[in-house]
Amino acid sequence: MKILYFAWIKERLNRSQDDLELPKNINNVNELMAWLESNDEQIKLAFENKELIRVAVDEELVEHDFDITNAKTIAFFPPMTGG
Amino acid sequence: MKILYFAWIKERLNRSQDDLELPKNINNVNELMAWLESNDEQIKLAFENKELIRVAVDEELVEHDFDITNAKTIAFFPPMTGG
Amino acid sequence: MAKNSPLVRLQAEIFDPAKEYNQFLKQNTGAGGAAICFTGLVRSNPDNPIVKLTLEHYPALAQRQLEKFANIAFERFKLQNISLIHRYGAMAVGEPIVQVMTISAHRQAAFDGANYIMDWLKTDAPFWKIEQSAKGKNWVENKACDENAKHKWKTD
Amino acid sequence: MAKNSPLVRLQAEIFDPAKEYNQFLKQNTGAGGAAICFTGLVRSNPDNPIVKLTLEHYPALAQRQLEKFANIAFERFKLQNISLIHRYGAMAVGEPIVQVMTISAHRQAAFDGANYIMDWLKTDAPFWKIEQSAKGKNWVENKACDENAKHKWKTD
């Protein structure tokens, strides 16, 4: 699965993406975030304030309980500040 | 006193202004309108639907009960349709 | 930063909406984060095509009312600049009739300032439209929705 | 009358707001009575002047979201045409970041369409601003008022 990072999340992790094989028991965004945090101290810090983390699954904005069983690309980013 | 007419009021009266000496007992717009109607059949027809008649006294939009004792110019016109 | 004050122009001549907007944006000092340009255009009616639109106006009162609305919007929405152009006389379909431009630090103020001016101008600026079509000349009637549109700016 | 559909352009290059507005107005068939052009500009801060603004973006999602907001506005407000341009990359103070143009028969629809798109774009289009000033680089924080601005479009 492809994981993308943007803005200050990308900056803190010092990388813009990961390619990962997820364990079978990870079914939604919340579970994915917990698993990423458990494996990476930097992600744990970046995700500290959960409600600030916005998520897109296969180019669609979703909530943290969104099912990712068949997802190809998951993106994590801070609140958007365009326009 | 100068009386101005605009839009379809002007068209119906076939003139854009009158210069009139008002009787002493005319103190507000309502009284002026009644007096104009009593002297001019065309004005009576044009003013038939009173709530459609908008009034400006000395270049200020006013209600029909506005005092005109010291007014110089009074304009009568239909609802505005600019913009 | 120079303090701008609203500019109001009444004219018979046609104007170029984009050129006016360009001139307006050039006055931005760097403090402007959001600009609005509203253009009112002569619109045809598919069921009864308009050949010509003529606007009659009451010059002194028109100038005064437009300045009044622009000044109120300028203060109320804390705008950095306003420019307002309104035409009178004869015009063809597609031509601009009116343009209001606002600029401010934040977007909602720019939107509201332009919207406020247009809502008031529609019912309280002395212009009257005559549409000319194949069916003849017709004084355009005012719309109840224009009268109601002003209510959204009530403060009380 | 040809049926237009919203046009969305994502680009790094600067654009000319007035020129874009001119192009947009040229597409009017005569049915348009009211056009809006909103321009978002790089704004400086008097207390801490901005040297450069950089917008990072998520290209595929940005294009998708902008198209989504434009299409919803197009249908909801019965607009005749919409054009939306959003930049990414580095830009200087005073430069345009975003422009949304709408045209419709009546003015409130044109205002609302542009306002709707801007309100949604602010919080739900994947762009992130970094301001560079003498004090260094700073990721711009989102504002609660932008989140609240969307509430005015609730239908239920």
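Each chain carries a letter (A, B, C and D) given by its place in the written order, and its residues are counted from 1.
Keep this in mind: contacts are C-beta pairs under 8 Å (C-beta built on N, C-alpha and C of every residue); 3 or more make two chains touch, one makes a residue touch a chain.
Owing to the predicted nature of the structure, the values given are computational and were not obtained by experimental measurement.
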| item | value |
| --- | --- |
| Interchain contact steps from chain A to chain D (minimum; 1 if touching) | 1 |
| Intercentroid distance (Cα basis), chain C paired with chain B, Å | 27 |
| Distance from chain D to chain C - Cα centre to Cα centre, in angstrom | 22 |
| Cα-centroid distance, chain A relative to chain C, in whole angstrom | 48 |
| Set of chain C residues in contact with two or more other chains | 40, 107, 118 |
| Multi-partner residues of chain B (each touching 2 or more other chains) | 83 |
| Chain pairs in mutual contact under the definition given at the outset | A-D, B-C, C-D |
| Chain D contact footprint on chain A (complex, rising order) | 4, 6-8, 11, 56, 59-61, 75, 77-83 |
| Residues of chain D that touch chain A when the two form their complex | 40, 55-58, 60-62, 64-65, 86, 97-98, 118, 121-129, 139-142 |
| Residues of chain D touching chain C in the complex | 1, 16-19, 21-22, 25, 28, 30-44, 46, 93-94, 105, 107-108, 110-111, 114-115, 118, 149 |
